[in-house]
Structures are given as C-alpha cells and as structure tokens.
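Each of the next two complexes has subunit A plus one other chain: subunit B in the first, subunit C in the second.
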Partner chain A sequence: MTKKRNFKPIKTTVFYIFLTGIISVILVPVFFVVSLSFLSTREAYRFPLPLLPALEMKFSLTFGERGYLLSVYDRVDEEYQTVLDTKELDKMAVYMKSQLNTPVTIPELEEQIARLESEDPVYFSLKTNLLANYATFFKVAGTGEAIPALIRSLQVALMTIIISVSIGGMAGYAFARYAFPGRNMLKFSVLFVRMFPGVAIALPMVIILARIGFYDNPIGLALVYSVGSIALTVWITASIFMGIPVSLEEAALVFGANKFQAFIKMTLPLALPGLAAAAMYSFLGAWNETVAALILTQFNPTFAVIVYQTVLGAVGQVNLAAAGGMAMALPAIIFTFFIRRYIRQMWGGMTV
Partner chain B sequence: MATLTLTDVTKRFGRTVVAVNNFSLEVEDGEFLVLLGPSGCGKTTTMRMIAGLEEVTEGTIYIGDRNVTDLAPRNRNVSMVFQNYAIWPHMSVFDNIAYALKLKKMSKQDIEKSVNEAARLTKIGELLERYPSQLSGGQQQRVAVARAIAVKPQIFLLDEPLSNLDAKLRVSTRTELKAIHAQTGATSVFVTHDQSEAMSMADRIVVMKDGEIIQIGSPDDVYHESNSLFVADFIGTPPTNFFDVDVKNVNGAYHLINPHFDIALDEKNSAFIKNHGKKALIVGIRPENIAIVDKQKATLSAEVHVSEPQGSHQVVAMRMDDNIYKIVSPSNPRIVAGDIIHLLFPQSALRFYDPESGLRV
Partner chain C sequence: MATVSPEITSSHFQFWNWNRKQFRSFGAKATPYLLILPVILYYAFFWLRPVMVSIKGAFTGAEGQLTLQNFVMVANDPSFWPAVTNTTIIVIFSVTLEFILALGLALIINRKFAGSGFFLFIAMIPMALPAATVGAMWITGLTAHGWVNSLLLYLGILEEGQKIYWLAGGRATLLALIIILDAWTVIPSVMIILLAGLQNIPPETEEAGYVFGGSYFTVTRDITIPILQPTIQTAVILRLIAAIQIWMVIVLILGFSRMPVLVERIVYYHDELSNLDISFQMANGYTLIVSVVVSSVALLYLLVSGAFKKDVEAVK
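Entry: the complex of A and B
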C-alpha cells in the first residue's frame, strides 16, 4: 500500500517564507523612511540608526572652557556626549532646535543655568517636536515654494484625472460597444505612446508647450501626463464596459429612456468601480512624475520636483528629504484609500 | 392593445449578410405569436427591429395605424423581456419595475399601484425591496416579466425568456406566461428556438429559416400540415420520419416503392399523386402515426435498435440503411432492442414532399 504524502505543511512553510521576504523587501524601506522623517538631524546621522525617534531628549549642563558645556544623552552609546561649548544662549537654543528637534526658549535655558549655582552638572529633559522636520521642509525646501508646489501638483493631478478619464472613458466605451474598421489596431496604438520615455521626447514637448503657451504651467503638464494616462484609462474602461451587458442599456431604451439617460442611469453606475481605478492610476501617475515636470517647468515646479531637489541637495539633511518624501506619499495614500471602496465594489457589493 | 404589421421588412448587415429577407406579417390584436426557428434564422433580429433596437434596412413596421419604422424604441410603446433578463443590478426590484413609469412622469401613487399590480400577476410581491443579485434565476425572470407588463404596452416582446431556466421551471413558467397573457390580453411576440415551447404557447407559429418565413399557422397546422421538409423535421420530438420512394403505376394503381416497402396508395392519395406526376417523392410520416400491427397487415417489418421508455409512452428507434427512424407507441407492451416489429403506415397520415424543392406537393 502506498502512503499518501501530506505536502500541506511544506507548502504552508514555503508560502510564509515568501510572504516574509516580500514584506521585508517592501515594508522595511518604508518603515525606515517614515522613522527617518521624524528623527532629529543628530540622530539621523548616528550609526546604527535609532529605530524610532526619541520622544524626549535628556541633557546635562556644566561649566566649560568657553562658557557652558551642553551634553546630550546618546541612546546608541548610552552616555552623555558633549555637543556644544558656548556662552551664547541664543546659539545654544538654535542648535537644540535645528539639530535635536527640541525647541527651547532663552528664559528656559537661563533657568537651567541658574540651577548651576547649587548643583553641577544640571540634568534636564525636553520634549522633542516630532513634526519639526515637516515644518522645516515646508519652510525651507524650494526656498518657500513647497506649499504652492503642493497646490500645483494637486491641480495637475486633478486635471490629469479629468482629461484622461473623460477622454479615455469615451474611447473605452467606443472600443467596447462599437465595431468599426481598425478597432484593434487603434486600441493597440494608444499603448504606443507609452513606449517613448518622457525624457526622449522632452525637447519637442517643451517647444510645443511653449508655442501654445502652456510651458511652465500646470495645464501643460496635465496635458502631457494625460497622453500617457489615456492609454491606461482606455484599456481599463474598455474592459469594464465590455463586462456590462449591452442589454441593460437596450432595456432602458425600450422602457422609455433616451441614449444619454440609458448610459447615465444604467451603464455609468455599474462602470464606476472601473472609472475609479482608472482615476487612481491617472492620479498616481501625475502625482509621482518627476522627470517631465523637471523639464517642463521652470519657476512653477510641482511638488515632486521640490522633493527631488531636496533629496539631491540633502547632504546633512537626509531627515528633511525623508519628511519631503513622506509629505509627497501621504496624499497619494489618502487618495488610494478613498478610492479603494469604489474599486472594492468590483468584487463585492454588486454583481453585474 | 394593437395590431402589428410588418411589410417587406429586410435587414442587411453590411452589404452581403442578409439577416431578415422580405418579412411580411400581420399580428392580430391580442394574439400570442411565436417566431420559431434554429439559431441564426433571423428571429431575434426581427424582434429587435420591432422593438427599435435594430434599424430596418427596407420595409415598414406599423403598430396599430402608427408607422414606427423610424421611431426610437422609447416612442413605440412596446416592452420587452430579454433573454438574459437585463434587469438593472444596481436597482431594487421595485425600482426596476418603476423606472419606466417614472420616465412617463406618473404620480407616486399610480406608480406604486402599477408596480404592485405587476408584482401580483408575477407573484413577486415579497421581493420588491431586494436587489437582483439576491434573486434566483427564476425570480429574476419574473422581475423582467413584471417590468414589461407594468408599462401596459401595445406590443409585448419576449426574446427567448425561458432559455436560461432549468427544464422543470421552464415548463411551469410557460403555463404562467400564458396565464398572464390571458389576463393582460397584450399582443405578444415570443421568440424561441424550442419547438415544444412554441407548440404549447402559440396562437400562431411563424417558422423561420435563413431570414425567411417558411410557414405561418396554428400549432396544429404546422405540426400536421407541415409545408416543407424543414418544418416537418424541425417541429416535433421525435421529428417526422422521411423515406425516399419511387412512384410506379402498377396496373392503374399508384405504388410507393422503397427497398423496404411497397405501399399501394388508396384512391384519394392516388388521385393526388397522379395530379402532380412526380417520379420520385419523399414520404413523411409522424412517429405517433405509425402503428404496430400483425405481420399480415404490415407495411414493413424492422428490428428494434433502441427503445426509450418515457413513462406514458415509449420511443422506439429502428435502423434502416444507416438512417434512424422513430415511432412513438404506448408503454404496453414493452418493446426491447432486438425485437422484430411490424409497422403500418396509415394512408391518411402520409405526407408527400418534392425531393428537389423540399416543399410539400
């Protein structure tokens, strides 16, 4: 008698090994960027890097050669390390704010120095400002252009959604519902535009946009992004419309609706999940795009360009770059979560 | 309620494909008409032209005395039950039925009254709040019917509405549809490829093939007086048995001669055949008209190939020259494979067809 072997435990083990691998490849870098974006500059350059930002910094203060000697407790080496020897209190406050993310006022420092009369050294602790990097980023990056750039990026992304979902949706509907000569050829040809890297055709694009007056303008960028984005929205919406039986619209026609009503009342609600997915792809594409934006803007950069410049110029400011990256990722994440419930309807909620 | 008149209606797809060719038909007020034919015969296209979902290439369509040939579907005052029901999945059953009424700008009370009336007729009163995905196939079909009758159309179109139901439900729904038709009295056009469905429901059957009308008649007409080989073969399960025969005049009497039998025709049939003067014919005879008799009276004898008991009757198949012939006989006595049976073809049941044209002579 042959014995049936049970492969299930092996399968499960292999599955979890893969799962762990995938999670560590994706989640570990994300975790480090998130953590880094909250770290103070001094901590960000320690090795090994602290896993989590300190909520509180411990200081010690004593007399030094040139004035007061400020030491800060180092979590890695587990000891107080001298960071500053000065008698200028405003310099000390600036250092504590910019390097250690612990905002402090001069009177507060004077109060601690007064304690030196009775005890030496003086120990005290201050709360860290976790959002300090974000505040600094928006104040400093792109010489104060970060907030306007963020607004521009949102404009570009929303315009890209509107242009590419409306045009791509209409084309998708045509591809799904009408037979016409050259249909397949056309459907494939919308993908051709994605074969050219943006950089390769950047120069003609600059010239064209400059001629029509949209160079260094969010509308120009939205147009450029829409070209690539339409290719995706056409394919997504075409497959969605194909999945919705024509007879639903025909029934509406027979029962008193005109063609427009039949589309709006019957097909559109059922296509909403697909349109949401198409919108999400368009948004992410436009929001994250950097190279074309770098070339096609000059004085009005998008947020991605600002972050890119911060990362490039981030010698000694890696935590600021991380904060910028997070600030850029957050709207994309929020948008994805918002639109997720529509996409989920594709599998749950309704069946066509 | 209204009559429906199609005159020389032709539908071409592109330049070459003719889906419906010169279709002329008058449907009377309150009639239940069935378009019957194999798939691809143009019956659904014809119905879609009546509904306005396909453009008419040539010809005219009148509902009552209105020319609707070029009207949009919504202006025709027809309603339709689709093959896949086409009930709107994002609307509740109530909204599905009420949609057409809302577009007609009926008052809220009137809509509710009409919906409840339609739901009562189709027995879906307790399902009105549900969504289509929560319904079984049979229930969805009822919703589609309720939606169609709620608008009180002049013409009621049904496009193979039973083909997605399981066999048992199909038969019971047939009866219900017929009852609903009797209550509403709406002029109805029903498309199907199932001949037994057509037989059981129709006032008149239109048999179609390759876009053309082959025969129009009551179920009895098309069954007993089929006008062509196609109809005789398409209608009835099991279908008509066909035999190639030579016509010979032996001493003034006409004989139909086949390797297996020699039938001497009676006076009536002889006179009939004489008038037509054909040398070769195809004889058709319905399975239930062939009688099992004693050897002396038999037209021919054959060995039973397969026997299929059906409870109330049995279908007995014989094999001759690689052709299968079937007869229907009472359950008793049971006939089994290998038996030799003796068969009689009654003269009155014989139908004669021209082998060249396939038409009845």
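Entry: the complex of A and C
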C-alpha cells in the first residue's frame, strides 16, 4: 500500500468535517430563530429554550380556589405547571390561544370540565397552531400596518425593478457594445454613485420629495432606491451583454432586420436570465433597505420598517420578533437561491 | 485653431444641412451616449441634486445663514468622539479579522468537492438575511434567557442555573461582541468572493511553483496571494464601505446611544430626537461626515481598480 492510498480517505473525511463545522456555525443561529418563530409565548421565555416547537400541548384541569385550575405540561421542567385559576372559560380560551398557541373553543373547554365529574384531574391535549406567531405578527405589528406595509414594499420593489432595469439595462448595453471616449470614466462614476451612502441621499430627499408630493409615498422610495439599483443593473447587464456574441445581431442585420429588431430578436432572449437576476438583485436591495425607508416615510412605512420596529421593541415579544424577522427573510433567501450564480460572478467580476 | 482636422467644417454643426451619411455617422457615434443619457439625467436629478442639497444643508445654520456651526455642534456632541472611535475600531478590527479568517477558509476549501453548490448557497445565507432579521436573531439569542445560553447549556459548557449576561458587559466586551456578530454575517460571503478568485487561477501557475521546490506555504505566499490581489482589493474596499455604515445590528441589540456609531447618530437625530431644533442640523452634519469618509474609500477603490486609466486601454 502506498502512502497516498492511505491518506486520501482520511483527508477527505477531515475536509468534510471541517465543512460541516462551518455549515453549523452558519446554520445554528438561523435554526434557533426559525424555531423561536414557532414557539408559543410561554415557551419562548423558558430557559433553556426548547429546541423545537411542540406539535401538541398536554393540559390538566382540576378544581381550584377561584374556579378551575389549568395546568400545562412544561417540557423544560418535565412536569405539569399551573398557569391559570379562573372560572371564566373565555378568559381561559384567550390565554390558551395567545400564550400557548393552542386555539380552543368554549364548548371544547366545557366538554373537558364536564369530565371533571367522573375523574379529577382531567388530562387532555390540544394541537398547537404552528403559524400562530406569524398570524399574530401580521395582525398586531405596526398597529395593524404589517399587511399594507408588505404591499407597499412589493410596490416599491416592483417600481425599483422597472426603473432600474429599463434605464440601467440601456446603459449596460451601451457599455458592453460600444467603444467611446469617456466609457471607462462613466462606468466607474456609476459605481461611485452606488458606493455613496444611501442615508446621505435620503436626508435631503425628504425636502425634494415633499416638494413633488412623493414624501411618505412608495413612488418616492422607489426613486431613491433606484439610484443604487441602476448602478448595479448597469454593471450586471453590461457583463451579461458582453457575454452574448455580437455576431448574432450582425447576422440578423444581414437578413434585413434593423438594429432595434436585431436586439429584440437575438440578444434580448439570450439576456433574459441575466436580466431576471438583475431584477431580483434590485428587488433584494429595495426589500431589505431600512434607513432610507425610516427617513422617507411617516404614516406609510415599508415592511422592513415594521419588522425593524417590532425587533427594536422585542423584549416583550421575542417570538413575534423572530416571526417578523423570518417573514422578512423568506423572500430574500428564495431570491438569493435563484441568483446565487450571479452573485458570485458579480463579486468576482467587480474587480474588472 | 489651425489644427482643426479638415473634415470638421461648420456644416458639421448645422445638422439641418447634413446629408444622410453625415446623419448616419453622427447617429453611430451618438448612440452609446443616447443610451447612457437616461442614467445621467436620473443621477443629475436624484443623486447630484440631493448631494448638493445635503452639502448646502451641512453648511447652513438654523436661520438659513452660511455657517460652520453645524460641525461645531456635532464636534461638541458628547457622543461624537465615542461614535468616531467606535466606528474606527469596528472598521479596523472587523475588516482585518474577517479577511484573515475568510482567506484562511477559502484556501482550505479551495478544491472541487461533492456538494460544493449546496455549501456555497449556505455560505450566502448570512449576507442575504435582512439586517432586521439578523438583529432579531441576536437580540433573541443574547438576552440572559436567550438561545445562546440555552445552546451552551445543552452543549454542557454552561452548568444548570448558570447564565452569561452577554449584553451587560463594558464597552470593550460589547465592541468585541459586535465585531463577532458582524464577522458571522460577513465572513462566509467574503470567503465566497475569495474562493471565486482562487478558482480562476489556472492550476499550472501553482504547479509550476511546486515543481521548482516551493512548499505549500511559499507557493501560497508568493504565487497564489499576489495573483489574488485584485480580488482581495475589491473585497476589502467593499467591506470597508459597508463596515463604516454599520448601525442596525448595534441598535437592535443595544438600543440607541449605548454604543454610538456614525450612521446610528444620523438615524438617532432624525428619527428618535426629531422634535429638537438642532436635530436636523446635527443629522446633516453627521451625514456629510459619513459621505466624505465613504466617498474617500470609494475613490480609493476606483483608483486601485483602474477607473482613471485611459479608455483605449480599457476598451481594447
């Protein structure tokens, strides 16, 4: 046996253990915040935090001093713990729904209480509503503004995409296909604009947008977000168009098409996946942005602002903050998955 | 001047006298500029104008007079120097730490392996997460009964009843904490950038180094890293720009004013203290400072990446 044959499997194993280590460092915090976003309010404040949300809660019911004594099985201490002593069943139902994420109707509770005549205490279990925190978040966050804010965020993102892909795409095509004096300088000036801090534009934009009636308005935000987004689109589309051979357009010209038709028929279809990636990039920029949105909105915040505010006051409601954070993260992660190849190209390709 | 080329005559400027060919040739030359014109106009309206307004605002006093008073006010703000030093410390330490670790990881991972696509996607997640989500992640983790202590308990590092009060530390502890949180967000992405750069290096160059008797260490130091230098430059400068503007994670886990940094001050004066007379001027002053610092770094980037090279060279 040679040395090589001996070492290779060990080396590979060590390598994969190393990779697993990196992956766990990345995913463990994500895992906990996802898990927390499903936990009931009561469990979210237990220590140590349960690793996974309960699919089912076990209860016991008996007679108490003031009415009925409700106990819930605590997974951390592994025992039943009394949580409520009341004879008002609606109060009990509200508590079970809001603190334990187990929605229950009053007849169902009455049914369990009826069983008290034959057995004491009564044991029963209820299914938890795993999406309860998300539902609550969308109902209460930003005093009911979460869903309108979500719609506004989508509007802003869509307008940003339209502005930046149309304006930026044209310029990207010019940079890819033409050699002209000032090309390099212009291309980098665009990059400079992107690097310029967004917060520095947002502040003076308050006055400018107020003058044209777009302060506290999705259109105004889209106009501001497009500044950074156009620059990015210029660079992405330029690299996309550079990758598509000019000869295709020339061939179309030979067959009697004009330049515009040649572009539409030959280059555009080939560029579509790349343009889609540029659009998703613009979406992510608009979706995630918070500072400018904080500054440029007042009564019509975006979703990012609502989530930011929920997290900022999170001490009372960690599971709601987690749910809001995850609702915010979901589109970002999905789009990142679709454009992961382009992100790497962008980062690698920015060097020029 | 006498050196005007013979082709350029006055008829060139009287486009109403142009013939078809002249139109064509003008059209061909003008096309790229026409395609770029919308961007230029857009930037004139929505970038240059606000920047001008911002600069003017920074030098304008409460009564509209031209003044340096805003900067005096900012300099006298008790949280100004802490904000400057905090930002500086965070930028220096986080960018350095992130780079050393990311480069190390990229060098170790730099090979073809099964599941690399999946691994790279996982590595992109921290950077893809919105800042508010990252904030939610750490504020729920770092409280005394949060998931970080829970995890340590499950792993047996903490004993029953023991808790670490992460957010109760002094300034140095909190700065270290913020640098570590930023590292978690950033290192995987920087690693991907460097990995992409590494994989563009043709294997022959490194093989040549080994043929001439180089060790892994000398080949990496003398061949790989120098070739990787442009990638490193880009990534470092992009990171610098982002690190200067870090604020949200800090505010979400520590609240306003506990660990002031420059951009946090802008939001603080604009959003949290907006009822004060001076807050608008303060926000303007801080904004100009951040803009100047970031622009300088951005210009440095343009300089090293060859933005000011002659076009002929670049177009080729």
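The criterion applied here is as follows: the second predicted complex is superposed on the first by the 313 of 352 C-alpha atoms of A that agree within 3 Å, B and C clash if a C-alpha of one lies under 4 Å from a C-alpha of the other, contacts with A are read in each partner's own complex, and residues count from 1 in each chain.
By definition in this document, contacts are C-beta pairs under 8 Å (C-beta built on N, C-alpha and C of every residue); 3 or more make two chains touch, one makes a residue touch a chain.
Owing to the predicted nature of the structure, the values given are computational and were not obtained by experimental measurement.
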### Query
Superposed on subunit A, are subunit B and subunit C clashing or fitting side by side?
fit
## Note on the structure
Of the two partners subunit B and subunit C, more of subunit A gets touched by chain C
## Note on the structure
Note, angle between subunit B and subunit C viewed from the Cα centre of subunit A, nearest 10 degrees, works out at 60
### Task
Once the structures are superposed on A, label A:F188 by its partner contacts, choosing first (subunit B), second (subunit C), both or neither.
second
### Message
A:A179 in the overlay: touching subunit B, subunit C, both, or neither? Say first, second, both or neither.
### Response
second
### Task
Considering only the touch criterion stated at the top, classify A:K91 as touching first (subunit B), second (subunit C), both, or neither.
neither
### Message
By the touch definition at the top of the document, which applies to A:E250: first (subunit B), second (subunit C), both, or neither?
### Response
first
### Query
A:K11 contacts which: subunit B (first), subunit C (second), both, neither?
neither
### Query
Where does A:N258 make contact in the superposed view: on subunit B (first), on subunit C (second), on both, or on neither?
first
### Task
Look across subunit B and subunit C in the superposition and give the shortest C-alpha distance you find, in Å.
6
### Task
Across the two complexes, find the residues of subunit A that touch subunit B and also touch subunit C.
350-352
### Query
Mind pulling up the subunit C residues that touch subunit A in the complex?
29, 31-33, 35-36, 38-39, 42-43, 46-47, 49-51, 53-54, 57, 105, 108-109, 111, 113, 115, 119-126, 128-133, 135-141, 143, 145-147, 149-151, 153-154, 163, 184, 188-189, 192-193, 196-197, 200, 230-231, 233-235, 238, 241, 245, 247-248, 251-252, 255, 263, 266-267, 270-271, 283-284, 287-288, 290-291, 294-295, 297-299, 301-302, 305-311, 314-315
### Message
Could you list, by residue number, the parts of subunit A that touch subunit C in their complex?
### Response
15-16, 18-19, 22-23, 25-30, 32-33, 36, 45-49, 51, 163, 166-168, 170-171, 173-175, 177-188, 190-193, 195-197, 199-201, 203-205, 207-208, 223-224, 226-227, 230, 234, 284, 287-288, 290-291, 294-295, 304, 307-308, 311-312, 314-315, 318, 321-322, 324-326, 328-329, 332-333, 336-337, 340, 343-345, 347-348, 350-352
## Note on the structure
In the complex, subunit A touches subunit B at residues 245, 247-248, 250-258, 261, 265-266, 269-270, 350-352
### Task
State the interface residues of subunit B toward subunit A in the complex, per the touch definition above.
51-53, 72-74, 78-80, 82-84, 86-90, 99-100, 103-104, 131, 133, 147, 151
